[in-house]
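Every chain is named by a letter (A, B, C and D) in the order it is written, and numbering of its residues begins at 1.
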Amino acid sequence: MLTANQRIRVEWAHCDSAGIIFNPHYYIWMDSGTHALLQAAGFDLVGNLRTDKLFRGFPLVASNMAFKRPLYFGDISILTSKVEKFGNTSFVVSHEFRQGDDPEPVATGNEVRVWGYSDASRPDKLIAQAMPDELRALLAVDRIVDTSV
Amino acid sequence: MLTANQRIRVEWAHCDSAGIIFNPHYYIWMDSGTHALLQAAGFDLVGNLRTDKLFRGFPLVASNMAFKRPLYFGDISILTSKVEKFGNTSFVVSHEFRQGDDPEPVATGNEVRVWGYSDASRPDKLIAQAMPDELRALLAVDRIVDTSV
Amino acid sequence: MLTANQRIRVEWAHCDSAGIIFNPHYYIWMDSGTHALLQAAGFDLVGNLRTDKLFRGFPLVASNMAFKRPLYFGDISILTSKVEKFGNTSFVVSHEFRQGDDPEPVATGNEVRVWGYSDASRPDKLIAQAMPDELRALLAVDRIVDTSV
Amino acid sequence: MLTANQRIRVEWAHCDSAGIIFNPHYYIWMDSGTHALLQAAGFDLVGNLRTDKLFRGFPLVASNMAFKRPLYFGDISILTSKVEKFGNTSFVVSHEFRQGDDPEPVATGNEVRVWGYSDASRPDKLIAQAMPDELRALLAVDRIVDTSV
């Protein structure tokens, strides 16, 4: 599977009063990981999302995470994202957070998303459809991409 | 001036590793205060922002804050927002954060915003225009409104 | 079970470019729901978290959500939180988001948390322990509490 | 002056319903820019902030920004941060956001911070003091550092 690796620096902004990453930030990073993965596969994110006629999106229908051990201010984490499973109109993206070179993930999660589109006049009515075969093939290629900022 | 008071509870999510509110949250609350103020004046926020033809907005062109003393997890703050000044196409909203009944603000700030609109086909091209006289008059009424959730 | 209901107003700050709530905000609200629930049960959140000697916490070890339909800017949601299950040192809090009076949830989720404490000199070393029986009993009382701001 | 340049990618998470960066994110990035600048100067951020005896911090007492033109999802911005002025116990950090190679800033801002410390037993009582001469000298060196993640 196409695998996107993204470097994350734990900032002061990410940490709570216990001095560790406040958990919703991990969900923000999973969202970022999925966007970066689709872009790495060649999907024109900006062109599709900014268009004024047809809006293509991939809304989240479910997500989950397990937290093994906390990360602290100043830590560096690598987020690894790839498609775990293709459904008819849905797909699952798996995400693993590691600290530095440690092979053991500190946190893991999944996002279930639906592929769809909507008309500019009704951006809130998303019609689910099958992900294009071409994009699916590009996401299935065995390749590792660095999508760090 | 129309004055909007909004109750804020300092949540775990708002606090940083020093145990106090992380400053960008105050800027989020000022944004909320301005929205609540316009709505309290009778401006149909949702109807105007969700429309598919013409998008009316009031983007921020400048903002500032002074922080007198920190707030902590569990504190209750009252945010007081009102228009400070009307320009031609711009307007300044002042915001004061108090703790409980203490009359002395713990933080104060201003937002400079421009009144404008854009076409749905070019949502990113905002045309500045004068705020409607009627809305301006409603914002100038001497009245205090509770806009708490 | 003790049930905490919290009113949420969907703000401009919560919505993404598709005009709907950006998903991590739901995870922030679940965190808020759990804090409000424990406080409603009589647990002194601030006193325990701000103390300089012993820090009592209940870190998240896993979480998940399912999103049925989106919420938009201006919508009002009611978040209902209660303990779903008590383990030895862990406990599960269930969360349901409804829109206005609609009985059907728009989103549901769970948090798995561990009860524990740490010494001020090593705030990052949390020792899991059983939740006090008294608190457990208070969380098991059949009562509905409004924990809105 | 020591100048820290940090690359920022505008993510889906940063954009509001108008499709542009929601303003508080700029304030979050200024905070990150100041941390990166101090670290680039050789200040041991993590060692000082995580210590259990004495907590050294530099809380924000005022901040401001001017927004010239918006940035959109997918844009790359360079944030340039440097000390603008040293006071007795305070210092001003200036921040400029540019888009790609465009020399004209899209947004500019300032943070006024106070140098101080507190005892672990009273982390909320910060005592202002002069910034160490050595650190001041390191921040005054004419050098450009890339502090990107």
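What we mean here is this: a residue touches a chain if its C-beta (ideal position, glycine included) is under 8 Å from a C-beta of that chain, and two chains touch if they have at least 3 such contacts.
Computed from a prediction, not measured in an experiment: that's the story for all the values here.
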Per Cα centroids, the chain farthest from subunit C: D
Do subunit B and subunit D face each other with the same patch, meaning over half of the contact numbers show up on both, or with different patches? same
Provide the C-alpha centroid distance between subunit B and subunit D, rounded to the nearest whole angstrom. 24
Quick one: subunit C and subunit D, Cα centre-to-centre, how many Å? 32
Got the subunit B residues that touch at least 2 other chains? 12-13, 17, 19, 22, 24, 28, 31, 49, 72-73, 123
Enumerate the contact residues on subunit A facing subunit B in the complex. 12-13, 15-17, 19, 22, 24, 52, 73, 120-123
For the subunit C and subunit A complex, residues of the former touching the latter: 17-20, 22-25, 27-28, 31, 49, 55, 57, 59-67, 70, 72, 123-124
Residue ranges of subunit B in contact with subunit C within the complex: 7-9, 11-13, 19, 28, 31-32, 35, 45-46, 49-50, 72-74, 148-149
